[in-house]
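Common to both upcoming complexes is chain A, partnered first by chain B, then by chain C.
This part shows the complex of A and B:
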């Protein structure tokens, strides 16, 4: 058994479940607790259906709020549970937000770098592609 | 798109007469497509796929196989001919192309086929769709089969995923 190395947060956007390090999360709240201009809805993870829950993430100089459908829970994962992307996938995906995969019950779950996800989202809004 | 039922053109110069070439044949795009058999390590039934955020459409997702996470490549998506629906019965061929290891999803797996080298012909001059990745065409007892240059196809997929200008998406 591998030593636990970190706590992760599992959350859902649309039909898909993602994982992120708990250390990146400032707090979990509801959409009505945040100002509308702070909310981040449509990221590379997709667009949430329900828009009720949110994850507040520390960003340099401010906090950003990612709207999600559901916070699934917390898990402690071991070193062997976190894997890099397969080489071909890493060569095809040009987003730093996808930091790897957490294999939970034999299912690979995208491991998200939340600050990078929100930074890339902000950059796309400044320079739409 | 090249039609596997259509006639063939000029004969390929692929080696001595009388020898047979081994290919691995999949059904994709409604036709028979084969590639160098040595590239295939095994055929698997696809488990549940995990979609990856920011992935190009041809990278359908990833799945675990014997503890290893493998990416799934959909050739139909790559050449703009729709997509292969992934069901519990869907099979994929695990292919090694240089540094890349991918599971090529198929409509059905035919398996190993042999084609007399003298029966291999040059692909059509067409350069769009899947024809761009053909290295030859042939006819065996089951009918027409198109020979894919799988390493070139996989490398082209990777190259197409690079955003214009090479900047991060």
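This part shows the complex of A and C:
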């Protein structure tokens, strides 16, 4: 959250639309073009249904591929459009991947920190609760 | 016996007239006396003492003796006649009494016996014997007559009963034959109707045969058309599959194009303001790709519908072929059945015609039989009347025989 946000990617997992900064995205691919061991299906965002697209995210030392149902598109937003989570909500949510809420057409959309999401997913796989 | 009465019919006066002049004196008295004796005056006597002439006196005495003797003879003769007459009367009375009493077993006994009655008694005995024989024979004949008349009565009664039964049976037979005549008439009409209906059915059956042939021809056409439709559906299915393959390729290309557009847009977004135009082009490309994918999706849906419709058409076509084959089979069976029915109807028509002719002949024969039965009934009725008369006559004869037997029983012959 140190760099100003201007361009975001909108994607859909299940019935929900999420937003993420384009700088975290290396490329967009398909499930069939990706290796199975690289695919990340069930995350804190939920489990995709159609699994049409993959979002390749840069992580330290390697790339991780998040499977989503659909890439909705790209939007340019101002800094004021991104709101931090309320303190009570941030205290209730145990994941750090939810960076805030971005208001798109007056609809608050979860703003996701993709590297954190994938890291938490990897950490949960190593030490399952 | 008749000698004293055997005198000339002429009177002494007449005889004196013929002799001439009558004597007078003692001779005259003597002649007169003799004339009186001749006339039957046998009780007169001459006084012989009055005759002076001895000769005349002796004649007078002899004349008196002759008169006395003649009178005695006449008395004796009269007594015998009386006796014989009594015997005859007794015999006749006894015979009549025996006949009246019916006792022919006894013998005739008379209180008077005279040799002159012997022939009469013998004659009456012969008469009685003859009567006894007659009565015996009549009794036997009456008995036999009674038996025979009873048998005749029984036979006549039996005959009357048989004749009545026969008349009743003939009457019933005549009534039955009348009914048979009516039934024959009805059967003839029904047979005619059956023949007519069979003819109509035959015509209808032949029309049905033609309809079945047309049906089988139609089934053949349906089957041929179904095969053609099947071929067309197979070709259509192949075309649709080919279109599907092409659409899959297009869809894949569109997806790749969408992916490329997304990555282009991503790079444009990463480039910031410098990549704005690139992002716009990428977004446009993505929209086009999405349009293509929408179109291919619609095409896929249409292809799916076409596949379903083709499958349904294929099933319908298979069903048509199956139904056509079944229809041909059923038509063949129907054809065989109709042929059998037509043959049966033809036979029925022929049989009905034969039955009609036979029943007509039967009706004619039955009418003749009815006529004959009527004549027989009339004859039987006459025979029945005759039998009744014979029975009456036999009954009357039996009564007469019984009466005769009763009458004959009155005569005792043993």
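We adopt the following convention: the second predicted complex is superposed on the first by the 124 of 129 C-alpha atoms of A that agree within 3 Å, B and C clash if a C-alpha of one lies under 4 Å from a C-alpha of the other, contacts with A are read in each partner's own complex, and residues count from 1 in each chain.
Here is the rule we go by: a residue touches a chain if its C-beta (ideal position, glycine included) is under 8 Å from a C-beta of that chain, and two chains touch if they have at least 3 such contacts.
Worth saying up front: this structure is predicted, and the values here are computed from it rather than measured.
Room for both chain B and chain C is found when the two structures are superposed via chain A, with no clash between them. Of the two partners chain B and chain C, it is B that touches the larger number of chain A residues. By the touch criterion stated above, A:97 is placed in contact with chain B alone, chain C being left untouched.
Panel annotation: after superposition on the shared chain A, the angle at the CA centre of chain A between chain B and chain C (CA centres) reads 80 degrees, nearest 10.
In the superposition on chain A, no contact is made by A:37 with either chain B or chain C. After superposing the two complexes on their shared chain, the closest approach between C-alpha atoms of chain B and chain C is 25 Å. By the touch rule above, chain B contacts chain A in their complex via residues 48, 50-56, 59, 62-64, 69-71, 73, 99-102, 154, 157-158, 161-163, 167-169. Per the touch definition, chain A reaches chain C in the complex via residues 6-7, 9, 22-23, 25, 27-30, 53, 71, 73-74, 76.
Chain A meets chain B in the complex at residues 16, 18, 43-46, 83, 85-89, 91-98, 101, 103, 106-110, 112, 120, 129. Those residues of chain C that touch chain A in the shared complex are 255, 259, 262-263, 265-266, 268-270, 272, 279, 283, 286.
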